[in-house]
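You will see two complexes here that share chain A, one where it goes with chain B and one where it goes with chain C.
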Partner chain A sequence: MDWSFITEYYPLYIESAVLTVTIGGLGIILSVIVGILCAIARYYRIPLLNGIAAAYTELSRNTPLIVQLFFLYFGLPKIGIVFSSETCGVVGLAFLGGGYMSESILSGLLSVRKTHLEAAASLGLNGFQTMTNVILPQAASVATPAVCANVIFLLKETSVFSAVSLADLMYTAKDLIGMYYSTTEALTMLVIAYLIIILPVSIVFTLLERRLHRAGI
Partner chain B sequence: MRGYEVLFAGNNFLRLLGGLWVTLRISLISIALSLVLGILLGAAMTVKNKAVKAVCKVYLEIVRIMPQLVWLFIVFFGLTRSTGVNLSGETAAVIVFTIWGAAETGDLVRGAFVSIPKHQYESGLALGLGKAQLYIYVILPQTIRRLTPNIINLSTRMIKTTALVSLIGVTEVLKVGKQIIDANRYDAPDAAVWVYAAIFLMYFVICFPLSVFSKKLADRFK
Partner chain C sequence: MDNEDVVIEVKGLKKSFGENVIINGIDLTVRKGETVVLIGPSGCGKSTLLRCLNGLEPIQEGSVLLHGEPVEYGKRSLYKIRQKIGMVFQDYGLFPHMTVLDNVMLAPLKVQKRAKDEVKKEAMALLERVGLGDKAKSYPSQLSGGQQQRAAIVRSLVVRPDIMLLDEITAALDPEMVHEVLNVVLDLAKNGSTMIIVTHEMAFAEAAANRVILMDGGVIVEENPPEKFFKDPDTERAKRFLSTFSYSR
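Right after this comes the complex of A and B.
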């Protein structure tokens, strides 16, 4: 292990880690929003939107992110729709994640028992009140573990961004391997960088899940 | 030439399918290997020995915490550098996806075993079944029923993830697609959108029926 190499090049990793987290974070936030919208469309069976949301969910869940990114980054510009690498990363991750999130959120919504909905109706709550006071609190706790798992999955998927020339962690590592042939050092820093990003998130989510579990949900 | 004509010009479409087969072959071999190893690992995870359990758990978490692409890099670039063994991209991919698949399968197998209620064991024994009979007639059929949909799901995940092998230089469907696009750069400048859409649909055509099937199975076994 060449320590001087590590001390010289670790700032590159910090830079690209920040990029990974920024693009990943934006993509994940967007995917939660897309997921909520799709889940609502499917839960209330809104005509037309229900079909679109269901089709989108299946399309995004059954194709690899790298193929989606290639289509966005190399395919679409040929018909005049040009994305920068950064936009492409955010849009691609949101497209992929939206499907996963919508599935998790929908199953949370559907887990609320019918008797609860009937009870809410007989208490005279309207649709909106039923949603905010009866369905959401229960659905949220059921959906949380799945949503957390999706977030970690999406964080890991960000490693594909280098394929559309985003200067993320993988890109930096590959660059250093290519330029200086210091494979061991470059890969070690890569592993450490991903650990620093993913491990805390994973630990927090595990604690959260345990707490939900204790609450008997 | 229009972009979509490139798809079917010459033997382009066959070449794309050939590229798809390269990734599929990697995933099928890895799925088969990880089933065997995963069942063993899952069985090891259910034993009472705390040390065995801890080792399995650590293995699972280490594999899971890193993106699969990082593992591909570690095995493809790192292993070659540190041991001098020269692996082809395909071999490296099979190794990585087997290690990952075995860990995930092991966890699913463990989950399926744990989900069998204790009274199933007890009533089996109370009926006078021997240990082997208990497992063959009572426990395994139920475990397999719970396991199958999850294993199919994992398989679709593995098929999707093998698309990453283009990044360690395996000539699979994305690479073939790029070759076709580059060869037709001047005749059909918009070929890229059609080729990548075709690849997108190819993955969908493979994975969608599998996910529908696994959902159906899961609903039926409920």
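Right after this comes the complex of A and C.
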């Protein structure tokens, strides 16, 4: 192990880690929003939107992220739509994640018992009041473990960003290997960088799930 | 009889699920202060009737009027009307993510937009009245079935409904808890609450009802004051039904 290599090049990893976290974070936030919207469209079976959301969910979950990114980065410019690498990364991750989030959130919504819906209705709550006061709080605690698993999955999926010329962690490692053949050092730092990003997220989620579990909801 | 006293009026109600006719023409009038007990074999349509009175089910024919206003499934006007109808379900339906007090205060605060201090005072007074004053801050999962059901009754009462609909509220409870819940209901009946109660507890029906209605096959078979119904029913069907509650060797 060449320690001088590590001390020399670790700033590159920090730079690309920031990019991974930024693009990944934005993509994940967007995917949660897309997921909530799709889940609500499917929960209420809103005509047209229900079908679109269901079809989108299947499409996004059953195609690889790299194909989705290629489509955004190399395909769309053919019909005159050009996105930057960064935009492709965020949109691609949100496209993939939205499908997974929608499934998880929908299962949370569907877990709310019919009696609770009827109790809310008979108390005079309207649809919106029922959604915000009765359905969402219960759905959130049911969906949280699955949503957390999705977040970690999506953070790991960012490793294909380099395919659309995003200088993320994977890109930096491949670059260094290509230039200096320091495979061991470059890959070790790559693994450590991913662990530093994802392990704390994973620990926080585990604590969160334990708390929800203890609340007995 | 004075028409202003009429709280709920059902005319020619018919309800079916597909081919399956559940309620086959029912007329029913409930006046202010009356406690009407609906009894009958399982599947006779009594629970469905209650659900139709609250607009939880679409009906095929006839009408349900609350103070002359139609109760119609799926209509916007339902939100307003339902505030005047309290309903308690067999499986309580307390919201698990809220404390008992928050469950009770939800509708008065969010739907009726009443002042929080006033609602809290009323909610606590009602909880005290049913013996749950010390459980206000507990979550439903920390309560016994009987306590949950009493809390659910309070949740409906605090909205100050014109009529309470109780749908087999003790069916999921063990005998001691049945007693504590039904005592609360009996207290309401004595104090002039207007109620329609679906139950299988005959002793309770006899004590609480002003009028007992026996349903079978989606129609009303017999309708009489409890003294008459339980001692000397008019119909063979009622005699047969009541005989299933007594044993001899």
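As a working rule, the second predicted complex is superposed on the first by the 217 of 217 C-alpha atoms of A that agree within 3 Å, B and C clash if a C-alpha of one lies under 4 Å from a C-alpha of the other, contacts with A are read in each partner's own complex, and residues count from 1 in each chain.
Here, contacts are C-beta pairs under 8 Å (C-beta built on N, C-alpha and C of every residue); 3 or more make two chains touch, one makes a residue touch a chain.
Everything quoted here is computed from the prediction, not taken from an experiment.
Superposition note: with chain A as the common reference, chain B and chain C can be accommodated side by side. Of the two partners chain B and chain C, more chain A residues are in touch with B. Looking at the shared chain after the overlay, A:52 reaches neither chain B nor chain C. In the superposition on chain A, contact is made by A:122 with chain C only, not with chain B. Look at A:82: by the touch rule set out above, it reaches neither chain B nor chain C.
When both complexes are overlaid on chain A, the residue A:203 reaches neither chain B nor chain C. In the superposition on chain A, contact of A:63 is made with chain B only, not with chain C. Once the two complexes are overlaid on the shared chain, A:74 sits against chain B while remaining clear of chain C. Measuring from the middle, so to speak, at the Cα centre of chain A, the directions to chain B and chain C differ by 100 degrees in steps of 10. By the document's definition of touching, neither partner reaches A:14: not chain B, not chain C.
Shared-chain residue A:187: touches chain B; no touch with chain C. Remark: least CA distance from chain B to chain C after fitting both complexes onto chain A is 22 Å. On chain A, the surface touched by chain B in one complex and the surface touched by chain C in the other have no residue in common.
Contact residues on chain A toward chain B in their complex (touch as defined above): 58-59, 61-64, 66-68, 70-71, 74-79, 156-160, 162-163, 170, 173-174, 177, 183-184, 187, 190-191, 194-195, 198-199, 202.
Taken in their complex, chain C has these residues touching chain A: 54, 56, 78-80, 82-83, 85-87, 89, 91-97, 106-107, 110-112, 139, 141, 152, 155-156, 159. Per the touch definition, chain B reaches chain A in the complex via residues 3, 65-70, 73-74, 77-78, 80-82, 156, 160-161, 163-164, 166-167, 174, 177, 181, 189-197, 199-200, 203-204, 207-208, 211.
Within the complex formed with chain C, the chain A residues making contact are 113, 115-116, 118-126, 129, 133-134, 137-138, 141, 215-217.
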